[in-house]
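Take a look at the following structure, please.
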Amino acid sequence: MTPPTTGLPAENTTDNNDHLVQSDNPEHPANLIPSLCAKFWTLGWVTGTGGGASIRDDDLVYLAPSGVQKELMKPSDIYVLSLAAQAQSLSRRQRVYLRSPPIYKPSQCTPLFLAAFTKRNAGCCIHTHSHWAVLVTLILEQQGSKEFRINNIEQIKGFGKGFQKSGNLGYHDTLVIPVIENTAHEEDLTEFLEEAMDKYPDTYAVLVRRHGVYVWGDNVHKAKTQCESLDYLFQLAVEMKQLGLPWITDIEPTIPTRKD
Amino acid sequence: MTPPTTGLPAENTTDNNDHLVQSDNPEHPANLIPSLCAKFWTLGWVTGTGGGASIRDDDLVYLAPSGVQKELMKPSDIYVLSLAAQAQSLSRRQRVYLRSPPIYKPSQCTPLFLAAFTKRNAGCCIHTHSHWAVLVTLILEQQGSKEFRINNIEQIKGFGKGFQKSGNLGYHDTLVIPVIENTAHEEDLTEFLEEAMDKYPDTYAVLVRRHGVYVWGDNVHKAKTQCESLDYLFQLAVEMKQLGLPWITDIEPTIPTRKD
Amino acid sequence: MTPPTTGLPAENTTDNNDHLVQSDNPEHPANLIPSLCAKFWTLGWVTGTGGGASIRDDDLVYLAPSGVQKELMKPSDIYVLSLAAQAQSLSRRQRVYLRSPPIYKPSQCTPLFLAAFTKRNAGCCIHTHSHWAVLVTLILEQQGSKEFRINNIEQIKGFGKGFQKSGNLGYHDTLVIPVIENTAHEEDLTEFLEEAMDKYPDTYAVLVRRHGVYVWGDNVHKAKTQCESLDYLFQLAVEMKQLGLPWITDIEPTIPTRKD
Amino acid sequence: MTPPTTGLPAENTTDNNDHLVQSDNPEHPANLIPSLCAKFWTLGWVTGTGGGASIRDDDLVYLAPSGVQKELMKPSDIYVLSLAAQAQSLSRRQRVYLRSPPIYKPSQCTPLFLAAFTKRNAGCCIHTHSHWAVLVTLILEQQGSKEFRINNIEQIKGFGKGFQKSGNLGYHDTLVIPVIENTAHEEDLTEFLEEAMDKYPDTYAVLVRRHGVYVWGDNVHKAKTQCESLDYLFQLAVEMKQLGLPWITDIEPTIPTRKD
């Protein structure tokens, strides 16, 4: 067993640790990332090898590689990284993989996924190129805005209240998603994503102008629910815009009158 | 066998009655709810754990739980409730489940599904967050309207004439679906849904502003047919609005001239 | 074996002829109609039990029943009718089935399918409620038009030149599809469909205002190709309308200059 | 074994070479073309037998036949042609097939696929009738334009820099796709496609007005990635047009400030 000959150097590994991506359990991250990405492909979220997903299981981070057809990914295509080992690395940009696939390179999304794991203790992070997300950033760009805001839509309840808070947003709450500007190199988004996390400590998503969205959650279930809910809201928002309907409204709460 | 440790207290059960959700028959409600919801997920009706479906088989009501990924639901995730036992409960808000899943909580949609079963003798009720339904309620909101009305479209024939009436609506009939305002807590919709049922005794559906739609029928077949037909009409209505075409028209019936 | 107890009376049958719908061959009409309709359901053509398909194999006509969920249909749901026996029937409206399913009623589309088989020698006829078709008829209604016309689109080549003509339409040809007005009862469309066939002898399709479209072809392959091509053109036409682009243009042919 | 009795004459073959399309390997071109086309059908790219795909493996070119339902194609439907043998043919229009399917005719797309293989050394070429592609050509026609141009969208990175160049386009680069006018006969497009290749040496795609798009790549992976990315951009462009958003913008690059 020799170190991988492609991808970033894995100098600290003496073994490619293929056992880390071999499991009969469909819920194992190395199986779940391919099955999730295949599903996301049907939604148009990861077209043309764009987008991806990463899962953290305690210290281990499982990552889709760069340039893979997302609906055809296999467990053997997955990178595995140790957060603890990464923290001891001298360089933020140099990453040490416990396990690397034989033919792919690491994804440029890697540091963005790591930001969600280390700064927000997320268990899963999804990156989509959904054209609804891109259209929302384009509409906001015309308005000179760096925030997507929508309220009084039931699906908003799909979002948690924020980092280390319990419960979900309510129907009348305003969901606020920050927008960062795109950079020429995806890795360079990392500092802006981290800044947005600092400025919006309760957000579970960051839009990237003319690019897509990063959405995370405490676990796969919550990340997927929030990513689906957000894409639903982006689609609704674009259609509301086409129909001349505002995203923010001032609605008086409806109070039920009968009580048990 | 011990009572479930999550969900509302099931104080009257000494056994979790798992046999109620175990069957080899794909038409058994505990199998049918997951397969229907998986199909509805592909239609965008139950995105991000929103929406759901419930089936009544005589006295027993089968319910999807709260917060489950609808395309991944399993029969073992299903709640079962007795209408007769429920009717004897002291509180409308306290529900007594014959069978509860081990890890989920009851859905807030439960009392709304029960309203269709008890007030309309429905055999199945479907709740969707379809964005076509939400867009229709937004368009009507701008018009200050609390009713969706459309006529002279063939698909209207997919609807029954009304509770305890035989036959279906005709092509020239006007389909009228009431809209109720959304509430902060989904359970609080119940009284408004029931009011709408009283005011529109023949409707098989109630739109919920900025939220979605509840659709029911005498059995699964009729509920699904009406829900699909309604979503088709909502989509058509939004597209007609975008093209400047009116939902209500005054068309002179076309009379065939040749007879046998 | 007794005659079916539902559906129109099958007085001339002493046997339900179930063998007519039992075959291991996936290309047998009784297998093909369900698999085609399941595919059409995913395209939104047969939502809410609307629409359908019929195949003629020499003298035998295979028909989907009324009110069946089109993606769930089974070979045992299929009606079979003899064209020769039908021609000897005293009444155009009374139909004699060689084989009837045990629980469904005959489709109101039956005489319309028969018109394509008897007047055009078609081998297959498809009826969709595609909302693109309905939107096209609504746009034309506003223009006071009873014809859909489009030219200079490559997909027009998907259509044959007409009844008993060889070859397909060319890129510069204008595809003309007549529109008939909808009637309260679907069977009553028959005479208007037949009139349209007489007036437009080369058409392979007739639009029905606010209802959908009937498309046929010499065999299943051609009917499916023409139905898909037409739905594609209807979708394109609606989108062109939304973008302010005309359906008919006067384009000078591009002449290639190099020859072998 | 006798030569095929349909299709163009295969006068130089004494054997139909069926072994060329028989393999257990799902990555074999004769298996891959049907599975790719089935996937493309679900995307609306090859509706109504339109569009197609071809793969080159060294000297051998594998081609879908004319008029086949693209989601139902089988390996036995595939044509195989030798580029070397073709180069020695006296006529550009006469093609010599090593292997022909028993019932289909050669596709009129064949010389267009060959142009990508011989002039650009492509390993795969995909032709779609995607209505997004057609709508883009219609929008450009109204503007009197023969070029699709878009910049500052992340998905542009899905494209290579050009023939015999390494690396991909960057986010700020402008993707330029030439548009050629459609001809009455698809084969006649060949010279215009070749002219466009000469004029735009780095393009991996050519739009055909009112028809669709041809996209190629060094291998199946790259052709598919570029075709998906381009369709994504066409869809986005149409939606941007509907929202009044420009395809070309002048954006100042965002410079990251923190460095390792």
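The chains carry the letters A, B, C and D, assigned in the order they are written, with residues numbered from 1 in each.
Keep in mind that, in the parts below, a residue touches a chain if its C-beta (ideal position, glycine included) is under 8 Å from a C-beta of that chain, and two chains touch if they have at least 3 such contacts.
Since this is a predicted model, take the numbers as computed values, not measurements.
Residue numbering shows that chain A and chain B use the same positions for less than half of their mutual interface.
With rounding to the nearest 5, the Cα superposition of chain C on chain D corresponds to a rotation angle of 90 degrees. Chain B and chain C have Cα centroids lying 32 Å from one another. Mean C-alpha position of chain A lies 45 Å from that of chain C.
Shown for chain B are the residues in touch with two or more other chains, namely 242. Every pair of chains meeting the touch criterion is listed here: A-B, A-D, B-C, C-D. Within the complex formed with chain C, the residues of chain B that make contact are 152-155, 158, 170-172, 221, 224-226, 228-229, 231-232, 235-236, 239-240, 242-243, 245, 251, 253-258, 260. Interface residues of chain A facing chain D in the complex, by the touch rule stated above, are 44, 47-50, 67, 69, 91-93, 129, 131, 134-135, 138-139, 142, 181-184, 188, 191-192, 208, 210-212, 238, 241-242.
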